[in-house]
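Presented below are the structures under discussion, each in the form of structure tokens.
Both of the next two complexes hold chain A, though its partner changes from chain B to chain C.
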Partner chain A sequence: MNVIGAVKAYVEKITDETEPGMKVLLMDKETTSIISMVYSQSEIQQKEVFLLERIDSPNYANSTGLRYLKCLALLRPTQQNVELLCTELRNPKYGAYYIYFTNIIAKADIKLLAEHDEQEVVKEVCEVYMDYLAVNPHLFSIGIPYCLERLSWNQNALQRTVQGLVSLLLSIKKSPIIRFQSNSKLAKELGSRIEDVMNKESSLFSFGPLGHSLLLILDRRDDPITPLLNQWTYQAMVHELLTINNNRVNLSNIPGVSKELLEVVLSAEQDAFYAKNVFMNYGEIGQNIKQLMDQFQAKAKSHQKIESISDMKNFVESYPQFKKLSGNVTKHVTIVGELSSMVNKYQLLDVSEVEQEISSQNDHSTHLSEVKKLIQNEKIRHSDAVKLVMLYALRYQSHTSNETYNLIELLKKRAVPDPLLKNIIYLLEYAGSHARQSNLFDVEDAVKITKRFFKGLSGVDNVYTQHKPLLHDTLEDIVKGRFKDNLYPVVNNHSSGLRAQDVVVFIIGGATYEESLTVHSLNKNYANFNILLGGTTIHNSKSFLEEIENAFKGEDMRLRKHTRHLRNIRFD
Partner chain B sequence: MADTNDIQEGFLCPICHKDLRSPSNLIAHFQDLHSEEQDVLKSLRSIYGKAKKKILKLDDDDLQNFKELTKEKYCLEPSDPQESGPSYSHTNYFKDVRRERLDHRTTETNKLIIRLDRLLRTFGADRKQQEQELVIWLDGTSVTRCPSCAASFNIARRQHHCRLCGSIMCNSCSYFLPYNVAQTIVAPVNSVNDREYSGKDSDTFRICNHCLNMLESRRKVQIDQMSKPTIWHLYNLLQSNIKQIQSSVSLYDRMYNSLTSGETTFLLQDVQALRSSIAEKAQMIDTLSKKIASEPVDCETPKAVLLQNNIRKATSNYIKESLLTLPAPPSVEELESIRHKFAMSFKDDDFMEPTRKAKIQTITVTTGWSPAPANEINDGIENPLVEQMRIVRNYIDQARKAQRFEEVASLEENFRMLRETYRQQQREQSNY
Partner chain C sequence: MAARSLTDVFLLMRNNAIRSRQIYPEEDASERMHLVSLTDIEEGQGNADDRMPPRWIDYLETAQMILLRLKNKISDLKALHSRHLHRSTFDDNPEDEIAIENCTQEISRMFNEVHRLLQIIKSHSRDNGVKEQRLTTNVYRSLATALQDLSQSFRSKQNNYLRQLKGREDRSKIYFETDLMEDDSEDFDNYFLHSQKMSNQQLLLLEEENVRFVQEQEKEVSAIVKSIVDLNEIFKDLSQMVLEQGTVLDRIDYNIENTQIQVFEGYKQLQKADAYKRKNRKMCAIVTLVAVTVLMLFILIIFES
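This part shows the complex of A and B:
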């Protein structure tokens, strides 16, 4: 089960099936993202694809065609795309068309297309199942930033998520048992919708007997902590501080950044340094980047003195690698430099230490005073101050001497903007203790105590990486066969079947890179298990809070149920 | 502590409830500050001892995992190529639907063209009548409005008929097909001399929108089928060259590996020759792609510029990444030392020849290449073996010229065997 491999295999198939010749790849907005997650432009050029076009761009319809090109159309099976394709076929811009839909398409749409192909340019019409964004081999996203509407499914988002997951299951050839988080209506609805499709398309889903694989649908509301924390592993950190959008990082805000670095691509498939350091922590990356620079300097030095012909020859022969290396060096040095300047400027180490302690220890008075101290620190960002209060409020929600009210007063004194303060209410309404089925904080079973104990003894544990996402415990329960039927029932009350070793976990409301690392480490430690993680999107704290805020649009927050006592944040 | 209701965790001192973060700190703290409570200390120690034992016993697995978790560094491996998932083809259904529709359309269009051909032959004063005989005109008495623009007919707006299908329309909805255009449409169907047709060049046919569309789309398809621009030819040339290089490169890889592992199947000079021929071809595709990039383009198709530049870019990437990185063949001295090492380790195997002979004697002609027979200079006196050897020599030369190095290798093997047999024969003869 490797999602990047799965998407690549489909693209491979598509390009191999078409006759040789110059090709243009015709895509829509979403398939462009799907492809760009796994292929670079120069890679796709080696498959004779020399032009990339967007069927939904406003200029496309009026642009001139080149009849000597073959057109590979890779499109989502949407109404709009079918219509655009019909117009295209009536006046074809290219000599031949090979049409691939990334998901199941209705027969009526095929008929409609066939009726418009008057010049007989279409050679192939086919469904390939790659309707999702493959982020890492074990991580995928549907690419929906806001999936909720007044705390229920936005119907478009639900439809898109069903399509995404159905295509994912097909691409990895699984017809799983579906289980869902029992307290989540969203999870239940999604689960039964997927099962409906699987039943309807049973001929497609005929991958041997049921029960060898599991699709587990979770709700972000059960763990609001993980997306709020500052992160210290490379990928997660870059996403939290600089935001990764479809493998791309916008660096244009960095002063004095060179032109080719305005937007950089971080792809583990094409960038060996990144692949090696994706899960390394901040300290290790610092060291590795130094090594990389030394390596580069040594190479650059050897290239400086080209005296003999053989020097010249060596230079020319190693030049492509040299250039690649130099591109990587400047990219990662710039990124790491920016990260470290942000860490210092906003005192993120101090912030993170308190965040981690609140998330994994229980010490009300210490935590309260630490949070207070940081709120009064002028150097930390408003957003970090607010997130600390959020963590405190979630952690000690039922504590008798809860001081959230006073902390909000302190935030007001620091002139934190109103929308940020409102986020505290949104978060507590979204994922306060009333909305969670798992004990986020008080899971103090023997195993956990043991672990903490030994962490203390060996002294290896890093204060900035104490927190383990709830997902870690959930998955460990699956691995150990302790999974509870009442908390995670099977869709339509089927029997839970065999102990599945292929597990797809999907989080409604977005997964995080910290959870991605958790899944990756479990995959490595339990060789028998193969776990994939997916989410409606991949969140950092900012996008997570935006999604929650959006989920309450249209709700009258004056009638809020769980945070009335926090009267100092007003919605009028 | 103020909040006694709360459950505290960590390494708490049982006397003062202070969290000391680690067991060693706790024990030290206890010894320093609460030395009077020695029995508590004792019990504390034994609890840790017990806990340790218990934990070690019970949760060996967990412990092990934990150790791995801290030690192990995680990274992402590049994804291996894998088999693609299922796909579902709609092509047959699509083609069925399309055929049904197009069959109808094709017959319609053909009908129009046959009519057009006939209409072009009509001339004389009674042309209108002839036209009506060929195509039955619709009876216009009950038609009060133009079917395409819905304007009512009257003295000013009169009824007109499409000459091709006989339908009715008003003047502003009519299209006019010039004779000469009509002739080019008909021409491929009927290769008759232009003169047979009558009428002046300025004459036109009045036709309806529908018929015009049918004729136009047919004409478009025909034009598109005919025109293949220069870039198309250049690109095909480029691709066929790249294909040749591809096979040369894989042959080179095989030869290089064989050579550097000490085998004597291929000759160093051949490897060098192949490498320089790859370099020559690389030069060629480089020039070709430059030519494609500089091919002049219509200013109406800005895409073509991008296309041509991208072809150039892809080609130079290919050259850089696949061709420039080819390993250089070993020098003579290097080769000597490799061979020497090889000979040392495989000395015993030298007498295992027969199996190898059997393998090599069959010349593979699967690649479709075979040497032309040598000019037979038969002076009759020569030993047939000598003649054989000469022929094989000749083959080898040809094969080398054609850069068929695998054939060269097997022919060389043949040659060696022939020579061996010949020498043996000579020895036997001299013995007698």
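This part shows the complex of A and C:
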């Protein structure tokens, strides 16, 4: 169960099956991203794919034809693509066509294509199930930034998500039982749609007996805390502070950055240093960067003294590797440098400490005074101040002396812009206690109290990583066989069956890199369990709040149900 | 990794579609049909260039073939090297060395050949349309990367072999020198006695043999050094390729976005050029002046006659 491996295997299949000869790869917007996540241009060129084209680009239709090329068309089975392909087949630009759809395609569409293939140029039609973005070996995303519309599914997003998950299950050859979060309409709808597809295409899903694997569909609303926190592991931190978009990081707004670093790629497949440090925390990265620098300096020094012929020979031999290393070093040093300057400038360490404490401890008066103190601190960013208030408001929503109202007044005094303040209301309406089924801040549970007590005795080893996402508990319950059937019922009331070894968790409303870390460490600790994590997208706090805001578009916010007491934020 | 082939279904449907087209041909087409399709001829002539593969395609095939052979040759060489280094007998059998030398030479020759082909392909990269230029550049790059990898592995193998050879010599030197010392101490007198008995001719022969041996060794080393020097030239061109691997320049999506931007820019430039051309005032002035001159000439002729 390795999604990057699965997508790579498909690409290899596509490029190897055709006869030798020069090839052109014809893609659409989404398949371009899918391929880019796992293959680089130089790698695909080694497979004799020398041209890359987008079928939906505006000038594709009038570009010249090269009949001596073979065309590999890798497309999603959408209406638009089928139409474009029909016009293409009527006037073929290339000598032979091998058509691959990334998902299940309707027979009617195939018929349409067959009717347009008058010159009989199509040699092969095949479905390869790679309709998702493979981010890490255990992490995938569908790539939908906004999946909700007035708090229910946007129909296009739902369709796309169903397709993505179906293709994922096919690519890892699993026909799982599907469980969903019982209080979420979204999860239930998605679950039954997938079940429908599985029943309809039962011949495809015949991978042996049912029940050895599990697809668990969760709703982001059950854990709104995780995407709000500041992160301290490399991948998560880069995403929170600089934003990773399909493994690409845009550094163009860092002052004084050199031209070749305006945009960099962070891919564990091609970058050994990154692969090693994806899940390391901020302090460890500092050390590792220093090691990398030392290594680099030693190499650089050995290149300085060139006296004999053999020195020259050695130099010439290792020069490209040296240049590559130097590019890599500059990239990571720039990124880490930027991260550290942001951490210092916005006092993120202080902010994060309070965030972590609110999220994992229970002490109303201390937390309140700490939040108040930080709000009055001029150095921290508005967005961080607002996030602190959000965490406080979620944490102590039902506390008798809740002071969210006063905190908002304080924020107003700071001249925090209005849209940010409105986000507090959106968040509380989206994921307040009315919307959650698990006790996110469960203090009554006896087990947890003892746990916390012991933790208090031994002291916390790292104050910045105290928080464990809710997903951790959920998955641990699965692994230990304590899973509650009433909270996570099976779609269509099938029998729950055996304990699953292979688990695919999907979060509607986006996963986070912190959860990816959790899954990674669980996979490592329980060797006979295989867990994959997926989400409609991968969130940082900014994109998470944007998605929530978007979910309320068109809703009349003056009639809000759960935050009527916060009268100091107005919607007109 | 499940996959489903729909080729059979597709072929069936295509055959059906063809059959139904033959049964119900379009009506107006049958009457007004040209005996020979006009557009086809025109297009056929117009697109003659399109249908012809570029001239360098043969070179590409040759280069790919050579690269494949090169890969085998390099692994052959490795086997020869290890056989030469690990053979149990102490006698120098020159067959191995000759084989190694031949192999090395052939590899260098092949590298040079591929490099030459690459240059030819590169020289074509300004031919024809934008798309073909892109194709040519990509072909060139991918070949260069493959060549780069191979030359890297070849050079590291060569160096390895040289180092081991040297190491062995050093080691043997230690042994033989100590041997000599022991000889010296034990059979010192003996040695002198024998040596006196050695005729001058024998000494000369021994020396000649030594010289020959040393020369052979030197030739071996210099051949290897030469092959490395040859490769460096190729290498210069290629080092750039390695740098780009792992950067954003090697991303598929980035490249596609970039070409789109470039095409759009090109379109804008064309529009601009068009506008300039339309506004070509000089031409207007020349034309009017010519017209006026002709008119005046007429008037002159009419009035004179």
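Rule of thumb we're sticking to: the second predicted complex is superposed on the first by the 553 of 572 C-alpha atoms of A that agree within 3 Å, B and C clash if a C-alpha of one lies under 4 Å from a C-alpha of the other, contacts with A are read in each partner's own complex, and residues count from 1 in each chain.
Following the convention adopted for this analysis, a residue touches a chain if its C-beta (ideal position, glycine included) is under 8 Å from a C-beta of that chain, and two chains touch if they have at least 3 such contacts.
Quantities reported herein were computed from a predicted structural model and do not represent experimental measurements.
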Original post:
Based on the superposition on chain A, does the combination of chain B and chain C result in a clash or a fit?
Top reply: clash
Original post:
Of the two partner chains, chain B (first) and chain C (second), which one does A:R248 touch, if any: first, second, both, or neither?
Top reply: second
Subject >> First, second, both or neither for A:G327, with chain B first and chain C second >> reply: second
Subject >> Partner contacting more residues of chain A (chain B vs chain C) >> reply: B
Original post:
First (chain B), second (chain C), both or neither: which does A:T64 touch?
Top reply: both
Original post:
First (chain B), second (chain C), both or neither: which does A:F279 touch?
Top reply: first
Original post:
Just chain B (first), just chain C (second), both, or neither: which does A:T32 touch?
Top reply: second
**OP:** Could you tell me if A:V265 is touching chain B, chain C, both of them or neither one (first, second, both, neither)?
**Re:** second
**OP:** Mind working out whether A:N2 is in touch with chain B, chain C, both or neither, as first, second, both or neither?
**Re:** first
Original post:
Where does A:D485 make contact in the superposed view: on chain B (first), on chain C (second), on both, or on neither?
Top reply: neither
Original post:
In the superposed arrangement, which partner chain does A:K111 touch: chain B (first), chain C (second), both, or neither?
Top reply: both
Subject >> Of the stretches 291-299, 363-371 or 417-425 belonging to chain B, the one that collides with chain C >> reply: 291-299
Subject >> Intersection of chain A interface sets (partners chain B, chain C) >> reply: 6, 9-10, 13, 22, 42, 45-46, 48, 50-51, 63-69, 105, 107, 110-111, 113-115, 117-118, 120, 122-129, 170-171, 173, 204, 316-317, 319-320
Original post:
What part of chain C is in contact with chain A in the complex they form?
Top reply: 1-7, 9-10, 13-14, 16-18, 21, 47, 50-54, 57, 60, 129, 131-132, 134-135, 138-139, 141-142, 145-146, 148, 152, 155-156, 159, 225, 228, 232, 235, 238-239, 241-248, 250-256, 260, 263-264, 267
Original post:
In the complex of these two chains, what residues of chain B are touching chain A?
Top reply: 1-3, 5-11, 19, 21-23, 51, 55, 58-59, 62-63, 65-66, 68-70, 72-91, 93-98, 101-102, 105, 217, 220-221, 224, 227-229, 231-232, 235, 239, 300-301, 303-304, 306-307, 310-311, 313-314, 317-318, 320-321, 324-325
Subject >> chain A - residues contacting chain C, complex >> reply: 6, 9-10, 13, 22, 27, 32-33, 35-36, 39-42, 44-46, 48, 50-54, 57, 59, 63-69, 105, 107, 110-111, 113-115, 117-118, 120, 122-129, 170-171, 173, 204, 207, 246, 248, 260, 263-265, 267, 270-271, 309, 313, 316-317, 319-321, 323-324, 327-328
**OP:** Please give the residue numbers of chain A that touch chain B in the complex, ascending.
**Re:** 2, 4-6, 8-10, 12-13, 20-22, 24, 42, 45-46, 48, 50-51, 63-69, 95, 104-105, 107, 110-111, 113-115, 117-120, 122-129, 136-137, 170-173, 204, 268-269, 275-280, 284, 316-317, 319-320, 361-366, 399-401, 442, 444, 446-447, 450-451, 453-461, 517, 520-521, 524-525
